[in-house]
Amino acid sequence: MARKTVNVMIGGEAGQGLVTIGNVLAKALVHAGYEIVVSQDYMSRVRGGHNTFVIRAAVQAIQAPEEGLDLLVALNQETLELHGWELKPGALVVADRGLTCGQAACFSVPYQDLTEGRYINTVALGVAACLLGLSQETVGKALEKQLGKKSQEVADKNADALQKAYAFCQERAPEFAALEPAPAQGERIMLGGNEAIGLGALAAGLKFLSFYPMTPATSVALTVIAAAQKMGVVAEQAEDEIAAINMALGASYAGAPAMVCTSGGGYALMTEGLSLAGITETPLVLVIAQRPGPATGLPTRTEQGDLDFALYGGHGEFPRAIFAPGDLNQCFQLTVKAFHLAENFQSPVFVLTDQYLADSYRGIKPFGLDGVQPVQAGDPQAADQGWDYERYALSPSGVSPRAIPGAGSSLVLSDSDEHDNKGHITELAMVRLAQHEKRLSKLDGLREEVIAPQFGGPESAETLLVSWGSSLGAVAEAAQRLNGQGRQTATCHFSQVWPLKPEQFLPRFEKAGRVVMVEMNAGGQLARLIRRETGFQVHGLINRYDGRPFTPDYILQKLAG
Amino acid sequence: MVKMEDYGDFETAWCPGCGNFGIRAALIQALTESGLAPHEIVLVSGIGQAAKMPHYLRCNGFNGLHGRSVPAATGIALANHGVKVIVNSGDGCNYGEGGNHFLAALRRNIDITLLVHDNQIYGLTKGQASPTSQQGMVTKAQPEGQRSRAFNPVATAVANKVSFVARGFAGDQKQLAGLIKEAIAHKGFSLVDIMQPCVSFNKVNTWAWYKERCQPLPADHDPADWHAALRQADKFGDAIPTGVIYKNEERKPFSDHFEILARGPLFKQGTDYGALQEIMGKYA
Amino acid sequence: MARKTVNVMIGGEAGQGLVTIGNVLAKALVHAGYEIVVSQDYMSRVRGGHNTFVIRAAVQAIQAPEEGLDLLVALNQETLELHGWELKPGALVVADRGLTCGQAACFSVPYQDLTEGRYINTVALGVAACLLGLSQETVGKALEKQLGKKSQEVADKNADALQKAYAFCQERAPEFAALEPAPAQGERIMLGGNEAIGLGALAAGLKFLSFYPMTPATSVALTVIAAAQKMGVVAEQAEDEIAAINMALGASYAGAPAMVCTSGGGYALMTEGLSLAGITETPLVLVIAQRPGPATGLPTRTEQGDLDFALYGGHGEFPRAIFAPGDLNQCFQLTVKAFHLAENFQSPVFVLTDQYLADSYRGIKPFGLDGVQPVQAGDPQAADQGWDYERYALSPSGVSPRAIPGAGSSLVLSDSDEHDNKGHITELAMVRLAQHEKRLSKLDGLREEVIAPQFGGPESAETLLVSWGSSLGAVAEAAQRLNGQGRQTATCHFSQVWPLKPEQFLPRFEKAGRVVMVEMNAGGQLARLIRRETGFQVHGLINRYDGRPFTPDYILQKLAG
Amino acid sequence: MVKMEDYGDFETAWCPGCGNFGIRAALIQALTESGLAPHEIVLVSGIGQAAKMPHYLRCNGFNGLHGRSVPAATGIALANHGVKVIVNSGDGCNYGEGGNHFLAALRRNIDITLLVHDNQIYGLTKGQASPTSQQGMVTKAQPEGQRSRAFNPVATAVANKVSFVARGFAGDQKQLAGLIKEAIAHKGFSLVDIMQPCVSFNKVNTWAWYKERCQPLPADHDPADWHAALRQADKFGDAIPTGVIYKNEERKPFSDHFEILARGPLFKQGTDYGALQEIMGKYA
């Protein structure tokens, strides 16, 4: 009998190539029409240690990683020891003949006999794919794509290894239910949250990126860099994060839509520059890919611990907006929106993501570009006013027409000191008041553009599960299951966490019997923020801060316990 | 033609007698002699007395954070390589708080001109030692004398084979204007470290002190000779040589590395959705 | 008729010596037994511009600056133009014969005739002191003290100028009510908030200070530096604020009670290091002297805009405590307490002050040192455990016995990554949980030590004015006046703003008819925090964010309006 | 007597074949030959592969933030000048993120030993260019090749008349142990820039590449000769000279500036309330 869903783990040391196997297998699944959710668990080292790449695949839509394994591809003994207990009844282990599987049903593969050392991974891949019921052709194509332009010899050897794997598997494999065929799908791409953010930035007309490498944010930069030539983007690795943000502000001042990407520690170093963005009213998009702190913490794991810091980082008071995408489409769309808000309100705008979402590959339709507009930096009407131009002219919305230096005769003066309408230093109380209130009033405009939290499930449900950012999928599936059990459960997901517009959610919160916040941090940061803004106190908090993402099971367990 | 008056006339917040006045005059002279109009340049600065310069010239200006003028200028120069980007800031700003960006600018050869108003003191914050303060200098914050050795920015720049480094003196406007003009004309990174008396807080390196010591480089000094340049850079005692100390013509200006900049400044470039569609296709 | 209180302004350009005149006059008043409150208003420049030094003096206790001037010592024409409108009925201006006083009653002094250029300020000082009724001897002594060891000639000339001023004043002065004689007082000292913090740090056993100059925090460092040799403190000006905090953490790890001092922009650069203090559990005291932001803002003015940032600065979650002294004694005492808390909870502790309090001289009794204990860095019992020593041993309080490296055989390993009990990097979820919870649990201990907000005025008052930090005095005087008018008003002052202990204030808040928060920021940051922690929403907010401190008048006006 | 074993034996997270193993071995050899016991030293590091070192030696350790090992070490060295403070960190850590502290250490002559594991790449974050990466080096983050010129830390140190600077090679443990030993024994700041192959990410500067080039300084090299030192520091091509490049005996170790440190480490010093009372009296 075939199955509708499967959870496959590939485990081994860093450097054993498990990410390559995982990528190809995931891509083959996507090509074959399945839905996938990948979660990657890796250590802060380059070789050795213990890493896993888990693919949950299904014929129908899925949104979160899951606990319990159906298939475990163990590249070393440690994987068996660490993950044996996660095997579900009927699960199968694929392992080299030399490894000991213990109690588990085991498909021992004589890798050395089937191929040379270099191609062992291809055999492991082939066996796994075969067990899942993927055609050899699909996997072969995905493998070719991954390897890129290697020599013909290498390509042939890989094809041969794959062939051997399929032959061995078809002959010797123990009973294992393959996946049901998936429904036909249109063109799909496979990528993670950070790639989606990078593509969103490009779609929004990003022209300048400066960054300093930091896990798990680096892949945002790498996505942009790979496209920089074609898309006309200047991307520069800065000497430190302070330089990164100040470069980006310089570029933005000079008319290039700009972005920085980093994680909490790098963002800490950017907070002075953030404040500069605030007072100079320079558009800027900041991507923070969160990981568990404090300090270096768990550098390759996940957390949602920096909401408060994103909201209050920087000295003095100035407006900002914070997005928290929950899936790939939100990563893309909210990044586009972030650029437009940043420009329209001449303010810093955050995209707050985390390691789990950053590294969580999914198969989706390519992002639609219809209706996507590039940001127009500055106001062309402000370009030719010479010395009369006022960079900080007062206006009802708090937004002043922005000229780009060098684009026309307008002379543009930006200043980190309190300044008058022209940008000149002032110490006059009256001017300070006018400019400070002008800046602060932009929050009203930002509030008007707030994306409403998305509600799901029955309106009259007893329990309302509230989440933000990357927990979207796990919470949605947990609620689905509860509703399936007849326990009416609704969900509410914030993909924008600042500003808040209480009328968008408070009525539903007040109606619900029990509002439970689900956050990947210790403090319940959004819960506290909601209380601050509305007085409403959630009734329960499900939180996790061991560096691992939520699963539906985890949520259900906590909800029960 | 660009005239001095185009750069305006402002009341300044500098102390009477401050070396900054001479630097301002030399800068305006250099700009007009270079034929640069106010909208063709961007003056960038950090925070400090020197850093107030963008407020005292009628032109584009970005007065950013203490120590961060060079990265801001870097971003501006990359986003719009059509404008001349000139940084005015203090020794504290560039060699203290901003030291790391100074090193990075040397490495990048970023197309900006960096004019360091080197008064060997923190002026705006009322007289603490700066990285270039002489060892032993007494201030309220260093009552037993500055313990660190003075930083040698010129030697550091030469050691890293900067593409242009000069030393000037606020008291020699003519020479200084020439140096600034040459620095602005230079393609790639150019540094002018300018001896600037601070009459309020630096009672060691006074006008008289500098005047006695600042003297043009020997006529036969060859700025292409690295070892000769190091010898001159090392001099900061009874004599302080002024002029172009080192020039390295082998280095490529940073923005030349970006092919796409040949198409014009970034703000004029559009977004190619066809290309993006193709890029997305690679994830299939 | 003599007066009980007077408000004197000295105004002129930076560099004219008005701070010197102000200091000597203030000190003479203190010596003569008066109470004073100084407020200084200066521009971010060294010479020129317009600065003022205002001394409010009285025979009875006063706590805040006041509006309206009784005596204006104008060192230039601009002072008259800018401050003429602040003169109260019956007020007098002291000015050089060359200046035009307009409508105001004017005591023209022919400075040039009375002395040489250098000593003009001494004449101005003498005339002002004479008008206030101070004895020439008192002023002379204060002047000598201020000038320190100058040549005999200079001393003689000053004495002579003072003599001339008194003679001229006694002969020619228009009617002006002098101060009533003050009651006899014991020994008193005159200093500002930053000096009090510096002395508090020294009293607590500070051994290491690193800082980067930044107004209005620099004078904390200068206070310590002046005493460093005698008190055995290493004080070092760092290359930047990042270095400052990391040096301080290194020193603290090595057993030296350590402090940094800065303002908002410098603190922004310290937030990554703050997070390092959190995970390495290294004691640290951070003084933030606030000024108006964002960015450079108004660098020489005052604000309370960085409470949120102090509370949430740094990535990841970790406990901290935040003090906000309201007067000089609190500056001293809370700094002492900050060091003890930092050591006892191996956590960062903040002293949040602002420019107004930093520069506000007062005359007070010398701080009592009886009962003040120096911090004992580390736990001697942990010193000799060799390799068995566990820096992060789990404990019910979350606090582990801290050994000092090099103090014994114990090997001390501190790590910015998540770590095990010994300080070694770990990526294990279970160890992460244990260590993270251990750290977070220290907040319970910190909460037990919270200083309760201080209530004043009638318990049953209709209006409760709530404040924190430097607004203490202005609010207290405003309430006094209201009570004097029969309008029952109570006050509540938070000298510690984190953690909060709702039972210490919520009952009183809930009983009050109208709770009005008084804050020097735009957002009402403490008000929001209280709502977040208790759900309680204040009924009104009086705030100020033009860079100038509260006065009782300002508060009364806003309360009325 | 101190034995190698005292420093323990640890499983590391380094890649097999990494140059860090050789550095670790040389360090332990130097420590034991110097007779330093584990509790007499503090190993300080930032974040990176090199920076994991404090976890692989049984001794006191402070593993701080990326780029911030030198300030942390400075604080430790000032608070307790009785212990030897040794920093192990990467080229990214020290010359990239931490460049400003590197400059300050040169100025201060702070009594620490700085061992830079210079693999000319960011290892831990998987292979981006570092400040010492060769111009043109291709990485995922620099697909068109690194645009900046490589930083020359040794020349920078010499230009600023550092008190001790050497260059070592992870592949020559004997020489390296000797250099580290000499650096540790040196009073004041000592820098050893160590060529360290990164087998995972640096495919340009490989074991073979370094082996071919690293060669001891000429026997007649005089580390006291500034110009000679600069000439050697400048060499980073077909030959990379190793050994003690420059020594400046004229500089005073930083902690010697603090009279009070003569009384012992800070944590042993008490608080003199009599003196404080007197200080308060000055405010009368």
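Each chain gets a letter, A, B, C and D, in the order it is written, and its residues are counted from 1.
Just so it is clear, a contact is a pair of C-beta atoms (placed from the backbone, for glycine too) under 8 Å apart; a residue touches a chain by one contact, two chains touch by 3 or more.
Everything numeric in this text was worked out from a predicted model, so none of it was measured.
Chemist: Which chain's C-alpha centroid is most distant from that of chain D?
Modeler: Ranked by distance of C-alpha centres from chain D, the top chain is C.
Chemist: Where are there more C-beta contacts: B-C or A-B?
Modeler: Of B-C and A-B, more C-beta pairs in contact link A-B.
Chemist: When the C-alpha atoms of chain A and chain D are each averaged to a single point, how far apart are the two points in Å?
Modeler: Taking the mean C-alpha position of each chain, the two centres sit 37 Å apart.
Chemist: Distance-wise, how many Å sit between the C-alpha centres of chain B and chain D, to the nearest whole number?
Modeler: Between these chains, centre-to-centre, one finds 30 Å.
Chemist: Averaging only over C-alpha atoms, locate the centres of chain A and chain B and give their separation in whole Å.
Modeler: Here chain A and chain B have centroids separated by 41 Å.
Chemist: Check each residue of chain B and list the ones that touch at least two other chains.
Modeler: 13, 47, 65, 97, 99-100, 103-104, 131, 144
Chemist: Give me the residue numbers in chain C that touch at least two other chains, ranges are fine.
Modeler: Those would be 43-44, 49, 226, 229, 239-240, 242, 265, 272, 276, 280, 295-296, 299, 415-417, 425.
Chemist: Under the definition above, what is the set of chain D residues touching chain B in their complex?
Modeler: Those in contact with chain B are residues 95, 97-100, 103-104, 106-109, 131, 144, 147-152, 155-156, 158-161, 226-227, 230-231, 233-234, 251, 254, 257.
Chemist: Can you list the residues on chain A that touch chain D in the complex?
Modeler: My answer: residues 15, 43-49, 212-215, 218, 221-222, 225-226, 229, 237, 239-240, 265, 295-296, 299.
Chemist: Using the touch rule from the top, collect the residues of chain D that touch chain A in their complex.
Modeler: 13-16, 47, 49, 65-67, 96-97, 99, 122-126, 128-129, 131, 140-144, 200-201
Chemist: Taking the touch rule as given, give the residues of chain A at its contact with chain C in the complex, in rising order.
Modeler: 43-44, 49, 242, 263-265, 267-269, 271-272, 274-276, 278-280, 292-301, 303, 305-306, 308-309, 311-318, 415-418, 425, 427, 429-430, 432-433, 436-437, 439-440, 521-523, 528-529, 531-532, 535, 537, 545-548
Chemist: Under the definition above, what is the set of chain B residues touching chain A in their complex?
Modeler: 8, 13, 38-40, 42, 44, 47, 52, 54-55, 58-65, 68, 70-80, 82-83, 100-101, 103-104, 258-261, 263, 265-267, 269-273, 275-281, 283-284
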